[in-house]
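Shown next, in C-alpha cells, is the structure this report addresses.
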Amino acid sequence: MPADAASFEDLGFAKVDHGREARRGFPEVIFCQNKTAEQIKAIALSIMKNGSVLLATRLPREIYDELKPDLGKAEYCPISRTLTHVPPKKRKKPVGRIAVVSAGTSDMSVAEEAARTAEVFGNRVTRIYDAGVAGIHRLLHHRQSLSSARVVIVVAGMEGALPSVVAGLVKAPVIAVPTSVGYGASFGGVAALLAMLNSCASGVTVVNIDNGFGAGYAASMMNRM
Amino acid sequence: MPADAASFEDLGFAKVDHGREARRGFPEVIFCQNKTAEQIKAIALSIMKNGSVLLATRLPREIYDELKPDLGKAEYCPISRTLTHVPPKKRKKPVGRIAVVSAGTSDMSVAEEAARTAEVFGNRVTRIYDAGVAGIHRLLHHRQSLSSARVVIVVAGMEGALPSVVAGLVKAPVIAVPTSVGYGASFGGVAALLAMLNSCASGVTVVNIDNGFGAGYAASMMNRM
Amino acid sequence: MPADAASFEDLGFAKVDHGREARRGFPEVIFCQNKTAEQIKAIALSIMKNGSVLLATRLPREIYDELKPDLGKAEYCPISRTLTHVPPKKRKKPVGRIAVVSAGTSDMSVAEEAARTAEVFGNRVTRIYDAGVAGIHRLLHHRQSLSSARVVIVVAGMEGALPSVVAGLVKAPVIAVPTSVGYGASFGGVAALLAMLNSCASGVTVVNIDNGFGAGYAASMMNRM
Amino acid sequence: MPADAASFEDLGFAKVDHGREARRGFPEVIFCQNKTAEQIKAIALSIMKNGSVLLATRLPREIYDELKPDLGKAEYCPISRTLTHVPPKKRKKPVGRIAVVSAGTSDMSVAEEAARTAEVFGNRVTRIYDAGVAGIHRLLHHRQSLSSARVVIVVAGMEGALPSVVAGLVKAPVIAVPTSVGYGASFGGVAALLAMLNSCASGVTVVNIDNGFGAGYAASMMNRM
Amino acid sequence: MPADAASFEDLGFAKVDHGREARRGFPEVIFCQNKTAEQIKAIALSIMKNGSVLLATRLPREIYDELKPDLGKAEYCPISRTLTHVPPKKRKKPVGRIAVVSAGTSDMSVAEEAARTAEVFGNRVTRIYDAGVAGIHRLLHHRQSLSSARVVIVVAGMEGALPSVVAGLVKAPVIAVPTSVGYGASFGGVAALLAMLNSCASGVTVVNIDNGFGAGYAASMMNRM
Amino acid sequence: MPADAASFEDLGFAKVDHGREARRGFPEVIFCQNKTAEQIKAIALSIMKNGSVLLATRLPREIYDELKPDLGKAEYCPISRTLTHVPPKKRKKPVGRIAVVSAGTSDMSVAEEAARTAEVFGNRVTRIYDAGVAGIHRLLHHRQSLSSARVVIVVAGMEGALPSVVAGLVKAPVIAVPTSVGYGASFGGVAALLAMLNSCASGVTVVNIDNGFGAGYAASMMNRM
Amino acid sequence: MPADAASFEDLGFAKVDHGREARRGFPEVIFCQNKTAEQIKAIALSIMKNGSVLLATRLPREIYDELKPDLGKAEYCPISRTLTHVPPKKRKKPVGRIAVVSAGTSDMSVAEEAARTAEVFGNRVTRIYDAGVAGIHRLLHHRQSLSSARVVIVVAGMEGALPSVVAGLVKAPVIAVPTSVGYGASFGGVAALLAMLNSCASGVTVVNIDNGFGAGYAASMMNRM
Amino acid sequence: MPADAASFEDLGFAKVDHGREARRGFPEVIFCQNKTAEQIKAIALSIMKNGSVLLATRLPREIYDELKPDLGKAEYCPISRTLTHVPPKKRKKPVGRIAVVSAGTSDMSVAEEAARTAEVFGNRVTRIYDAGVAGIHRLLHHRQSLSSARVVIVVAGMEGALPSVVAGLVKAPVIAVPTSVGYGASFGGVAALLAMLNSCASGVTVVNIDNGFGAGYAASMMNRM
C-alpha cells in the first residue's frame, strides 16, 4: 500500500487548474458541496494569490464562518451561499444585461446564485423576483425590462411554468433553472425539470435542478458573444 | 370446467347498471377502449332502450362505422371520438357555464371529450381552444369569458403550465387535464401531470392523463351544486 | 454587486398580495415550509393588520412557539400544524357542508389541514376520521352523513382506495388527497396518488400528496358556487 | 462455430421437465409468449403423451388455430387464452373452494386465466366478476360466497383497490393480481400493483401484473394444504 | 372551529377494533411507526385488558423504554422491534410449521418480525437465517427442513434471488419479503421487490418491502387452513 | 351541442400566428407530428403566401409525398425529415458560425434537424458528424473548427458524454441534444438526457430528447445577439 | 444549405474505422439496428475486403435475405441474428474457455449473440442453456464445466438471479447480461438489470439489457489477458 | 417463542465462512454498513486469527475509533473507509497492474476503496485521480500509463462519461464504477450508472453505484487469470 496516501492532497487533490481561463474563457470555480473547510480554503487562497476571480458556490454559512479569518477580503452572500472576490485589476465596466426572473422566496437562493455568478464574470444583472405565473399581471408589469435583456435566466420550482411564459414575451435566449422547491409529486425538482424540457416556447434551454451557477455561467458565455 | 364460459356475456358481462343514475346522479357511461363492437352495441342499445342519456367515449371511427347502422340516432364526433344521444325527454335548458380551455391542435381531442361530456349532462359549455402560455396575450384576450364561468376545465400537454396561469385569473374551481401530447421527456403526459399536481395556483384539482371525460363529469357535478 | 442584497426582504420578498382576495375570492395564505420565523411573523402581522383572514400552513410547533408572543390572537392546531385567525367582521354563518373523510391516525394531520382550511374560509365541515376500506362497515355507517355533503374530501395514504369507494356512494364531487403515509413501495405517497388518478369512480379529482390545504381551498370554491 | 447450432432444439430447448410434478407437486406449464407454434406443439404433445395435465397460457387464437388439428383433444378458452387438457386418470373430485373476484370486462381475461389454472389443478372455483369498488353494494351482495372460500384471488386494474376491500371481509388468504387495464397514469398496471403492495388489509400477497396463472397456481398450493 | 379538536383522541383515534378477531380471525395489531409512546400505550393496554393477543410492530427501543413500566408483562424483541404478549388462555399448542429463510445479518430484523408474528398467532416456526444464494450449499443443507414446512417465508434484500431458488425446492407456497437492505441501485428494496414479482418459480407471492409482519400474518392464515 | 364542431378548423385550428416574427424574432414553425397532410398543407401554404420562411419538422416521407404536388418549391430533406423554404427576399448572407457535432449514423437525423433549422434562420453551419467519445482522436482532429464556432450544438444518444468533452475544448456556449438512440437502459434517451444535465463542464444547457429543432432555434437566438 | 447533403454517405457516414483493431485489439463491429440493408452491405464488404473479421449484430432475417446474394461467404445465425465471417488467415486455434449460461428458450437469442461474439474473436465457448434457478439441480449438474471456465457469461431475464448463484460456484469473473424477457413488472429487463447490479456475490459485473455482444466482447478481452 | 433469540449471534449471525477462499479464490470480506462495532470486531478477529487477509469496507471513522484498541495491527484508511490487514505469510510480490482512474475530490473515496481492495488481494495498482472528461488533455497525459494496465477501473459520478473515453484508449477490459456524486438530476448516481451501461465503447462492464469494492474484487479476478 502506498505510504503516501495519508491525505486527499497526497492523492492529487487541490491542484487548481489555473490554465482554464485561457482555455475556456472563465477561471476555475469552487463547488463547495462535499469539500471540507480546509480544502476550500486551500483552493480559494491559491486562486486569489493567482490574481483570478474567486467564485465559490454552495458554501454553508457554518463553513464560511470558519473561513472568514483567512478570506476576509471575499464577500459572502448568505442567500445564495456564494463567496466571491474580484481583484481590482479584473474589475471592469459590466457589459450587456442579463435578467434573472423568479417567483418567490423559496427560489431566491438559486436565483441569487445565478445572478452573482453572472455579476462576478462581468455582466450587468437585473433581478425580477416577484413574478409567479399564478399572478401573471406581476410578470407583465416587467415586460419592458425583460424585452431589453440580452439573455434571460428563469428560475422556478413546483410546476416550472415560468420559462414558457417568459420565453413567449422576449426575443432573447431563455435559460431555465428548475429548483427543488415543492413537495410531494414535485419529486425534488423533477416536475419543474420535465416541464422546462417540454416547454412549448422555442428557444428555451435547461440546466440541472438548483444549478443557478450553471445558468449564470452559460448566460455569461452568451452575453459575451 | 364450467360449460357456460363460452362468451364474455356468460361470465357476467354487459349487465348495465341502470340504477346508477339514482345513486350517483348520472347514468352509466361506456368506456369503449378494450371493448368489441358487439359489446359496445349491446350496452348502447340497452341504455337507449331504457331512455337514458348515452355517452360512449374512446370509440374509434372504424368501430363506429360498424355500429352506425344500428345506432343511427346517436351522434358521433370524430375529434373527441365520442358517441352521444340525449333522448327528447331528457333534453332541458343547459345550466351554468363551463369553460374548456386548451392550447392547440393536439390537445383538442381531449378538450372536446370534456366539452361533450359536460354538454350531454346538461351544461352550457364555452370552448377556448387557442390559448397557449407561450402567447399569453391570446389567453388574456379571453379573460372576461373565463371569469364568468362557474367551472373551468384546462387541457394541456407538454409542460402543462396552462392551468396555473388560468387559475390565477379566475374565482372558479379549475380542473386540470394533462394530455399525452409531447415527445421525449414528456413521458406520455407525465411531465404535464406533475406540473399540474404542483401548480402554485390554489384551487386546481387534477384528473388522469387524457381523461377529458373525467374532467367533464366532475365539472358537471360541481356546476349542478 | 448590489449593495442592497443583504436580506431576503431587500430582494423583494414579503410583499403581501393584498389584492388577491378581490381577484381570486380568497386572501393570500402563508405556506410556512422553508420560511423563517421572522418571515412568517412579518407576513402574518401584515395580513392581520389588513383585517384579512389568516391561514398559515405547515407551521412546525417549534416555530410557532417563537411566534406565540406576537401572534397570540391566532389559534395554533398542532395536529394540522396550522395557524388561523378570522377577524370578527369576517366571521359569518358557515354555509353548505363539506365532509372530510380519512382512515386513521396517520392521515389525520393532512385531513385536519383540509378541514381547517375549509372552516377558516367559512364552510361547515363534518369530520369522518375512522373509515378505512379494510373495514368497509365503518364507512357504510357514515353513509347518510356522506350523502348530504355538498363536497367530499377524502384523505388516504397507503393504497389510496378510499376515494373510489366513497365516490361510489355519493352524488357530490370528491376531492382525493393522497398522503405520504406508508413505507416501502408506497414511495412517499406515489402509490396512493396513482391509485386516486386511476379511480374507477367518475367525479374524482386529485391534488398533490399531503396537500390538505389545496383540497380544502378547492372545496371552498366549489361549495361557494 | 458449432455445426449443430442450426435450431433452438439443437441448443437444448424443448426438454420437458417431467420430473417437476414429483418435486414441486404440479407438472410443467407452457408459457406461450415468445414461443413459436412449432415449439408449443412439441412441448404440448410431449406432456400429453406423458399422461400429465396440460396447461398452456398466453396462447393467441391465431396460433391456436395452427395447433388445433394436432391438439384437438385439448380445450381452448379464447377469453383467458389458455389451452387445457386433463387426462381421464388425472380427473378427480375438485377440493376446497377458491373464489376469483374481479370488477369488469377488461380484467376478465386475467381472472379467467387464474380460474382455469386453479380448475385444471383440481380445485373448485367460484367466479365473482361484477364487483367493482365504486359500486360496493355489488361486492357486499357476494359476501357469503366470499366468506366460505378457502382462498380468494382478487383481480383488479386501474386503482387496484378491490383486494383491500375484499380482504377486510374474509378470513381466507387473499392473492391480489394487478392488471394492465387502465391508461395514462396507470402505467401498464403499476398503479394497481403499488396499491396492492400497500394494502392496509393484512393477509394480502401479490403477484406480477397480469399474472393470473401465478395466482391460480399459488392458490392451488394453498388450497391443497 | 370545533372546540373538541384539541387532541388526536378527540378526533376519533385510539378506538381499538375489538371486533376484528371475529370478522377476520386475528385481533388488531399495532403498527407503531408514526405513533407516540402515549398512543401506543393506550392501545396496548386496551388490547391486553380485553384479553387479546398483543402484537406491536416497528417499535423503536427508545419508545419501548418509555413503555416498559406500564407494559412489563409483554416481551420486547430488539431485533425485530416487536412487543408481544399472549395471555395464558390464548396459549395453545402451535400447529403446522412455517419456515422463515433469510440470508444474513441485515435481513434478520425483517425475518424476525415475520417469525414472531407467526409465533404469536399460534404457529410453529423454523428459522433458517444463513442461506444466501451466493453460497447455495448452505441453502441445500436445509433442504429437508424446507421440504417439510407447510408455508415458507423467504426474506431477502439486494438482488432478491432467494425466493426463486427456495420455491424450486419445495411444494409449499412461498411468501417473498423484499427488504430495503442494499445500496445504490437497490433503491431501498425496489430491486429485490421487482426480482420477486418476476420470479421464474411458480407459487411465489410477494408482500411490501420490509413487511415481515404481513408475511407472517398471511402465512398464519394459510397454515390455519 | 355546437353544430359547427364538424372539423378541427371549425374549432379554431390552423390560425397561423403571423405576428410571431415581430414578437419573438422568428416566424411560426410547423411541428408535423400528430398533424394530417391536409393540416400541414394548409399551414405551409399560408406561411409561404405570407412571404415568411417555411420550416416544417418531423415530416414523414409518406406525408411529404402527398404534399409534393402543392409544395414543390420547398425542399424536403429525408434525413432530418424537414421541409424548408426561404423566399428570395428573406435570403441574406449567413452570419456567425454554428457547429453541429454528433457521433454517428443514428444521431444524424436529429443533428441535421438542428443544422437545417439554424441554416433556414440565416446562420452559417459547420457539420462534424463523425466524432464519438470512444475515439477521442477524431474529435480532437476537429478542435480548431470547434474553437472558432460562436455556438456549438452537440447531439448524442447512448451515454450522452460528447457535450462534456466538447464543452471542455471551447469557449462558446454548448447546447446539448440527447437522442433516443440506444436500447435497454437508454430508456429512449433518458440516459443521455441525465448525463447532459449532469455535465461536469460548465456552460452546457440542454433541450428535450430528439429536439434538434429546439437546439437550432436557441443557437440562432444566441448567434444573432 | 449544403448541396452535398443528399445522402447519409455524403454526411460522413460509412467510414469504416480500419485502425480500430490496432488501437483496441478488435476490429470494428456492425450494429445493424437502425441501419438500412444498403448501409450494412457497404460496411460489411469494406470489412471483408480489408481481410478483417466480420461481425454484424441485430441483423433481422428479412434484411439478411436482401444481403445474402452479396455476402454469401458470411454465416447467418437466425437465433442470435448475427452475421459472421472469419477470413482463413485470421482463423487460429481458439484459446481459453468462456462459458455462456442461460435458463431457457427466451434468453437464448442474447446468449447466442454473446457466444458467437466470443467465438468469432478466437475463444473456445461452452454453452449451458438449460440452467434456471428454479431448478437448481440442473445448474449444479454443470458445476465442473463452470469451474473450469476462465470467464463466465450469465444471461438471464425475469428476476435475473442466475448470476448470483453461478458466481457463488466459480473463481472466474462473471459477466451478467440482463435480458428483456418477462412481462409486467419486469419493465423490459429493468428488474433483471437491478438484480444483477445488486448481486450479493462479489466479482459480478454487468452490461446493458440484451447486450450479448458487449458481454462476449468484454469476455474476449479478459480471456486474452 | 424461542428462549434463545436474545441476540443476533444466537440467531446464527457471525459465522465466518472460512471455506470461501478455497471455493471462490478470495477470503470473506466484511461489509460494515448496518453492522455494530461489536459485530465487526468479532468477525475481524476471527478472520485475523484464522490467518486470512482482512478487508473491511464502509467502516466509519467513529466506529473504527472504537475498534482501534483491539485491531491495532490493521490499517485504517479514512478516505476509502477501509480497514485492511495482510498477514506476513500472505504477503507476496504484487502481480500485473490495475489502473484506477477518477476525476476529482468527490469520487476519490470510491476510487480508493477499489484501489485498496485490489492491493490487499495482491495486485499492483496505479492511481490516476485527476482526469475529468471536461479537461481531456489531463486524461491523454496518462495515456501510456493507461495502455500498459491489464485491467482499468474507471470511477465517475455526475454524467459518468469517463469510462467511454478511457475504453476508447485501451485494449484492457474496463470496469466502470458510477458514484453517487452529483445533485439534482443525478439521482444519487443513477445518471452515471445509466451512462455507463449505455457506453458506446465496447468492453465496458459496470458495477453498482459506489461499489468500489466490487470493482476492485472483479479486477483482481481478471488480473489473476
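Should a chain be cited, it is by its letter among A, B, C, D, E, F, G and H, assigned in written order, with residues numbered from 1 in that chain.
In this text, a residue touches a chain if its C-beta (ideal position, glycine included) is under 8 Å from a C-beta of that chain, and two chains touch if they have at least 3 such contacts.
Note that the structure is predicted; figures quoted are calculated from it, not measured.
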Chain hops separating chain G from chain C, counting only touching neighbours: 2
Chain at maximum distance from chain C, centres defined as averaged CA atoms: G
Maximum centroid distance from chain A, chain identifier (CA atoms): D
Higher-contact pair (C-beta pairs counted), G-H versus B-D: G-H
Centre-to-centre distance between chain E and chain B (centres being mean Cα positions), rounded to whole Å: 45
Chain D and chain E: spacing of chain centres that average the CA atoms, whole Å: 28
Length of the line joining the C-alpha centres of chain C and chain H, rounded to whole Å: 49
Junction residues of chain D - those touching two or more other chains: 135, 168-169, 184-186, 190, 193, 197-198, 208-209
Contact pairs between chains, per stated definition: A-B, A-C, A-F, A-H, B-C, B-D, B-F, C-D, C-E, D-E, D-G, E-G, E-H, F-G, F-H, G-H
In the complex with chain E, residue positions of chain D that touch it: 23-26, 29, 150-151, 168-173, 175, 193, 197-198, 202-209, 213-215, 217-218, 221-223, 225
Touch list for chain H against partner chain E, complex: 1-2, 5, 7-8, 11-15, 17, 20, 33-35, 39, 178, 180, 188-190, 193, 208-211
Residue numbers on chain F that touch chain G, as the complex places them: 75, 77, 79, 84, 104-106, 108, 112, 116, 119-120, 127, 129-130, 135, 181, 183-186
Parts of chain H lying in touch with chain F, wherever the complex brings them together: 103, 132-136, 140, 158-161, 164-165, 167-169, 182, 184-187, 190-192, 194-201
